[in-house]
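A, B, C, D, E, F, G, H, I, J, K and L are the chain letters, set down in written order, and residue numbers restart from 1 in every chain.
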C-alpha cells in the first residue's frame, strides 16, 4: 500500500529511513532502560542520579517522536512496537532488580557512548542522501554526547 | 539483596506488587503502541486521532511512572525493560506499517477495553492487600475508561 | 440504539449510572442556583460571599462534567438538559429577586448539607457496583463538605 | 424591596433589563444544551465537535455572567434559576440520549441562528434605551455568529 | 505649535476631546480618592473593601491611560497634571483621616453614580462627533456601573 | 454554490461584506509593508522603529483574521490571496530596498492616516446595515489611530 | 458551644476526627523536624538531601491543611497549637545541632516508616466510619510511602 | 546606496541572498494562501483542517521573518511587498470562494511538495556559498516536509 | 563539633544568633497559631479573616526559613523542633476550639504587636554586631507591622 | 479619633510619618507628571522615552502604595487626595501641551534630582526615629537615583 | 568629560564608588570562576555541585549589574572589561583543567569567605558616605554568606 | 589526568576543541565588553542601545555555556578564567569611561564583524573533524551576524 508519498528519490529515502528506524529503536530503548534505572537505583547518590536519568528519558522520548515523524514524512512508516524495540535494541542496559548508583552511572556512560558511535556512522551515511535527516541526527548526537559527559564526569574516579 | 524495606507484610506486598508489575507492562505497552498508531495513522481523521492518541500516550506514561515508583516504594523492584515489556504485553495493537484511521480507533477501543478488564480484576485482588495500591488502580481505570469511551464514540456507526 | 459499549455488567452499570445521573442533576442545579445567589446577593458581606459562591459554581461545573463523562464512559447517556434539571432538582435554593447575604449563606448551608446526605447514600450504593464511580462520588463529597463548612462557619452565630 | 439603585430612568431600565433577562435565558440554555451535546455526541467527528461544543459552552457561560451582572448593575435582579431557564428557553436543542455528530452540528446551527435573530431584535430595541447594554449585545452577537458559521461550514454539504 | 495632526475635522475633534479631557480628570481623581480610601479605611469590612477599592483604582488608571492616549491620537494634548486634576475634579470623595468602612462604601457609590451620569451625557455628545470615542466612553461606563452596583449591593440595608 | 448561510438580509450583507473585504485588503497590505519596513529600516532610530513596526504588523494580522472570519460568518467568502491584495491595495508603502528611519516613520503616518480615513467611511456605511460589523470597524479604527499618533509624534519636528 | 454542624452521626464523627487529629499532629511535627534537618544538615550530600527534605515539608504542610479543614468540616475543631504538637508528637526526629547527612536520611526513613504504620491503622479504623476521610488518609499514605522509599534508597548500603 | 555591509564575499552573498529572496516569496505566499484556505474551508473536516492550516501559517510567517532578516544581515535588502509576492509566487493555491475540505488538503499537499522541491535545490546551491544560510533552509525544509506529510496522511485514500 | 565556620567574630556571632533564634521561635509559633485560627474561626467575617490569616502564615514561614538559614550561615545551628517552639513561644495565641472572628482579630493584633516590640529590641541589639542580620530583622518588622495594622483596622470600633 | 494604634512612641512616629507623608506627595506627583509626559511627548525619541516614562510611573505608584500603608501601619492616616497633592507637590514638572522629547528628559532629570535630594534628608531624619521607615526610604532613593541616571545619560551631550 | 552628574558630594561619591568598583571586580571574577568550576568539575557529586555553582554565577551576575549601574547612577563610570577584571581579581579560584568535586567545594568556600570579608569592610566604609550603597552591599553579603554556608556544609567532614 | 573520555579520535578532538576554546574566549569577552558598554553608554540613544547591548550579552553568555560544555563533552576541559580571557581576547572593545552611543554602536559592529570572520574560519576547520561542533558554530554565527546587522543598520548614515 503506497500511502504517504516521499519528497526524496527511492535510494536516498532508503538510506535516510534506515538510519531513522535504527535511531528510533535506540532512542525508545534508551527511554525504557533510562526509566528502569530511574526506578531501581539505590545508593547515596539516589536523588541526584534519579533526577538526571529522567532528563535522558525526556530527551530520548522527544527525539524518538521527531525521528519517527521524519520517517513518516519521507514516506516510510516507522516501527516502534514493543517486539520491534525488544528485538533490535542492543545497547548496554541495567540488569533486573535494584541497581547501585555507581552501576547505573556506568551503564549510562556505556549505553550513550555506543549510541553516539552509531549515530556518527549514520551522520556520515546520510550526508549525501538527505541533509535534512543528517541535521536531525547531528542534533541528537549533540544532546547524547552532553548527557554522556555528565555521567562520565559523575563517574570519577573510575 | 534486601535493599528497600517494605511497609507491607510479605503476603500483601506480593499481591500488590504483582498487580503493579502487570499494570506497568500494560501501560508501557500502551504508550508504545499508542505512539506507533500516532505516527502511522492515515485517513480523513488523521489530525483528530493523531492528537487523541498522544493523550493516551501521555496518560500511560505518567501512570506507568507512578505505578513503578509505587512498587519500589513497597520494596519490589519494577521491571520495565524492553524485553520484559515485549514478552509480557498481550493487549491488541496495530500491525506494522500505515494504519487507517478507523482501524486505529478500533484497535484502541479493544486494547483499552481489555486493559480495563484486567485492571478491574486487580482492583478486587488488592482491596484487602493494600488499599493504597487499589486506590491507584482505580484512578488508572477511570482514565482508561474515559479514553476507551472517546474512541468508542468516535467509532460510530460501527 | 446501542452505541457506546460498557465495561460493566448490566446490573452494576444500572446502579452506577443512576447514581451518576442523580448527582449530575444536583451539581448542575447547584451551579445554577449558586450563580443566582452570586448575582442577586446584597448586604454588608456582598463581596465576600459573592466570591465564595463562585467557588461553589466552579466546583459544581467541573464535577458535573466529570460525572456526565463517566456515565457516558459506562455506556449510559447522561441527561443535563434544562427541562431535566428543572424537573429533577430538589435541593433548597434562593427565591427570585435580591437575596440578603445572611439568607444566601443559610440556603447554601442547607443545599450543600442535603446534597452531601444524598451523595453519602450513593457512595454506599455504588461500593459493590463500581468502585471507580464510588471513588468519584467520594471526591465530590469531600469538596462539598468543605464548602458546606465554610458557609456554616460564616453563618455563626445563627 | 428597592435595593440596588439604577443609573437609568425607569422606562429605559425596563427595556434594557428585559433584553438582558431574555438573553440570560438563551445563554444559560445554550450552555446546558451545548454540554448535553458535548457529552452525548457519537460518530466519526466525535473529538472535533466534542471540543468545539465546549467553546460554545465557555462563551455562553462567560456572557451569561456579564449579562446577569449588567442587569443587577441596572437595578433589576436577574433570574437564572433552573425552573426559569427550563420554562423560558425555546431554542432548538438535542434530544435525550446519544446524538450523531451530524445531528449535533445541525442542531447547533439552528440554535445559534435563532439566538442571533433574537439578539439582533434586542440590539434594535436597546439602541435608544441604553447604548451600554446595546454594546454588550453586539459583542455577544459577534461571537455567536462566529460560532454559527463554524458549525455551518462543518455542516457542508448539507 | 501644531504637532500631532488629527484624523477628525475641527468641530468633531473639539467635542470628542473635551469629553475625553473631562473623563480623564474624573478617572485620575477616582484613582487618587480610591487609593485614599484604600489606605484609610477602618472597620469590620476592612479587608473586603480594601481589596475592592484597589479594583476601582486599577480600572480608573487603565482607562485614564486609554482616554489620554486617545485624545493625543486625535491631536489634542491631554492634561493630567496634579493642579489640573485638583481644580477640575468635583466627584464626592472621602474626608481626610481614617474612614469607616460604611462611609467608604457610601462615598464610592455616590462618586461612581455621579461619574456615570456625566459619562452618559458624553456618550450622547460624542455620538455624531466620533463613534470611536463614544465606544470607549461606553466601555468605561459599563465598568463603572458594575463597580457602582457592587458597592451599592454591599451598602444594604442603607 | 450557496454554502454558508447568512444571518443578514441580502442588502445588508452586501454592504457589510464589501466593507469587510476592503478592510481585509488594507490590513493584509499593511501587514506586508509593515514587515517590509521592519526588515529594511536603517538609521539611528533603527531599533526603536523596528520594534514599533512589528506592533503594527501584529495588530494588522490579528484584525485581518477577525475581519475575514466575520465575512465568512455573514456568508460571503473573503479573498486574501496574494494577487487580490496586490491588485487592490492602494495605501502608501515603502520603496524597494533600504529605508531611512525618518522615511519609514513618514510612510507609516501616511498609510495609517489614509487607512483610517477609509475606515471612517465604512463605519458610516455599515451603521444601518450591520452594527456588529460597525463595532468591529470602530475597534480597528481606534487601534490604527493610536498607531498613527505614535508615528506622528515620533515624526516631530517635521 | 455547638458551632459547625456535622454531616456525620456522632460515633462516626468521633472515629474520623480522632484519626484526623492524630494525623494532624504527625504532619505538623514532620513539617517542623523536616525543616530542622533541612537547616542543620552537613556532609557531602548536603545539597541533595537539603532539597529533598523540603519536599517532605511541603507535602506535610499541604496535607496538614487538608486534614485540619476536613476535621472542621466534620464539626470538630482541630488542634495544631505549638504545645499540642510538642506534647503529642512521638515520631523519631533529629537531635539538636548539626546533623550528618547519613543521620538525616536515617531519621527520615524511621519517622516516615512509623508515620505510615500509624496511618495504615487509621485507614482501617475509618473505613466504616467515613470513606471520605479514609480516602484522604490513603492519599497521605501514598505520598509518605513514596518519600520513605526515596530516603531508604538513598540510605543504601546501610 | 551601500548601507548594511556584508560578512560574505560578493559571489557568495549573491547566491545566498537569491535563495533567501525566493524562499521569502514562497513563505509569504504560503502564509497568505494558508489563511485563505483557513477562512474559506467548508465540509465535515472544517474544524480539524481549519486549525491545521493555521499551523502552516504560523510556521510560514516565523520562517519568513528569519529569512528576511538573514538577507538583511548579509547586506541585501529583502523584498516582501504585496506586488513582489503576487508577481513571484507560483505555488499551487486555492481558488476564490469556498473551498471543500478535501480540496484544501489536496492543494496544501501540492503547494508544500513544490515548496520543498525548490528548497532542496537551494540547499544544494548554498552549501558552498554560505553554510549558515544552508542550515536555515534545512530547518525550513524539515518543517514543511512534516506539514506536507500531515496533509498527505489526511488525504488518504486519494 | 565545630562544623560550619563563621564569618563573624565570636561576640558578634553570639549576639546575632541569639536574636535570630528568638525570632525563629516567634515566627514558627506565629505560623502555627495563625493556622490554628485559620482553621477554627467562625462568624460573619469567616472568609475574609480566614484568607488574611493565611497571609500571616505564609510570611511567617518564609521569614522563618530565611532566619534559620542565616543562623546556619553564621555558624550556629538553629533550633525549630516542636518541643523548642512549644517551650520558648510566649506570644498571645487563640484558645483551643472554635474562635469567633472578632476574637481571632484581637489575638492577632496582640500577638503581632508583641512580636514587633521584641523585634525592635533585636534591631537595636544587632546594629553593631551584624548589620546584615539587622537588615533582615528590619524587613521582618516592616511586614509584621503591616499585618498588625490590617488586623487593627479590621478591629474597629473596638 | 484614635483608631489604629502605633508600635512607635509619639516623637518617633511624628518624625517618621512626616517623612512618609512628604514622600507620598512626591511620589504621587511624580506618577501624575510622569504620565503627563508619557502622553504628550513628541520628537524622534518618542517611543523610547514614552516607554521609559512608564517605568518611572510604575515605580512611583508602587512605592506610593508602600509608603502610605507604612504610615497607616504606624498609626497616622496618609493623605493622597488630589487637592493635597496639588498643594504640596513642588518638584519640576512639564508644561501644559505637547512636550519635546529633550525637554521631557530634562524635566525628569531635574524632578528626580530634587526628589532624591529630599529623600536623602529624610533618610537622615528617620535614622534614629525608625530604622524600618529609613530602610524603605533608602530603597526608594536607590530606584529614583537609577531612573535619574538613565534620563541624565540619555540627555548627553547637554 | 563630566557626563553623568552625581547626587552625592565629591568625597562621599569617591568612597562609595571605590567600594562599588572593587565589588564589581569581585563579582565578575566570581561569575567567571564559578562557571569555570561548573564546566570542569568531576567526581561523584558532579551533578549536585554543577547545579549549585550556577546559582552562585547567577547571583554574581545579577549583583554585578546592580553594582555597576549604581556606580553609573552616582556619576562614576564602572569598569568591567576583561583586562580590568583579570588584573584586579584576587580571590582564590580553581586551577586550569578538570577539578575534583571536593576541590571545587573547597575553593568556593575560600573565595566566598574572602569576598565576604572584603564586603564587610566596605559596609563599614560606606556607612557615612552613602547609606544607599551600604544597603546594597549588605544585600550582597547576605547572599554570599548563604552561598558560603552551603558549600561549607557540603564540605563536611573536612 | 585522563578524566572525561572522548567520543572523537584524537586528531578530530584537537581540531574541534581548539575551535571551541577560541570561540569561548570570544564569547566571554563579548559578554564582558557588551556589559561595559551597557553600563557606560551616554547620548540620545541611551535607552535603545542600552537594551540592545543586553541582548548581545545574553546571547554571548548562553552560547559560551554551550560551547564550554561541548568541549568538556569531547573530553577537553574548557578554560574561561579571567586571566585566560584577558590574555586571549582580541576583539575591538570600548575604552574605559563613558561611551557615546554612536561609538558604542560602532565598536559593536566591529567586534561582531571580526568575531563572525573568525567563526567562519572555524566552521571550515571543523567540517571534517566534527560536524556536531560545526553545527554549533553555524548557529552562533547566525546569531552574531543578526546582531551585527542590527548595530550596522542603527549606524546609518556612517
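By our rule, contacts are C-beta pairs under 8 Å (C-beta built on N, C-alpha and C of every residue); 3 or more make two chains touch, one makes a residue touch a chain.
Chains and their UniProt names: A, B, C, D, E, F, G, H, I, J, K, L = DNA starvation/stationary phase protection protein.
Everything quoted here is computed from the prediction, not taken from an experiment.
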* **Path length in the contact graph (subunit D to subunit H, fewest steps)** => 1
* **Interface sides of subunit G and subunit I: same vs different residues, half threshold** => same
* Of the pairs G-I, A-B or F-L, which has an interface that repeats that of D-H (more than half of the contact pairs shared)? -> F-L
* subunit A-subunit H separation of Cα centroids, rounded to whole Å -> 31
* Express in whole angstrom the distance between the two chain centres, defined as the mean CA positions of subunit D and subunit I. => 52
* Asked: Could you state the distance in Å from the CA-based centre of subunit K to that of subunit L?
  -> 23
* Residues of subunit C that touch two or more other chains: which are they? -> 3-4, 42, 45, 48, 69, 72, 98, 135, 153, 156
* Asked: Which chains are in touch, pair by pair?
  -> A-B, A-G, A-H, A-K, A-L, B-C, B-D, B-G, B-H, C-D, C-E, C-G, C-I, D-E, D-F, D-H, E-F, E-I, E-J, F-H, F-J, F-L, G-I, G-K, H-L, I-J, I-K, J-K, J-L, K-L
* Structure fact -> subunit A contacts subunit K in the complex at 45, 48-49, 51-52, 102, 150, 153-154, 156-157
* To do: In the complex, go through subunit D and note every residue touching subunit F.
  => 113, 116-117, 120, 123, 134-135, 138-139, 141-142, 145-146, 148-149, 152-153, 156
* What does subunit B use to touch subunit A in their complex? -> 1, 3-4, 28-29, 32-33, 35-36, 39-40, 42, 61, 64-65, 68-69, 71-72, 77-87, 89, 93-94, 96-98
* Structure fact -> Note: in the complex, subunit I contacts subunit K through residues 3-5, 7, 69-70, 72-74, 131-132, 135-136
* To do: Could you pull out which subunit B residues touch subunit H in their complex?
  => 41-48, 50, 98, 100
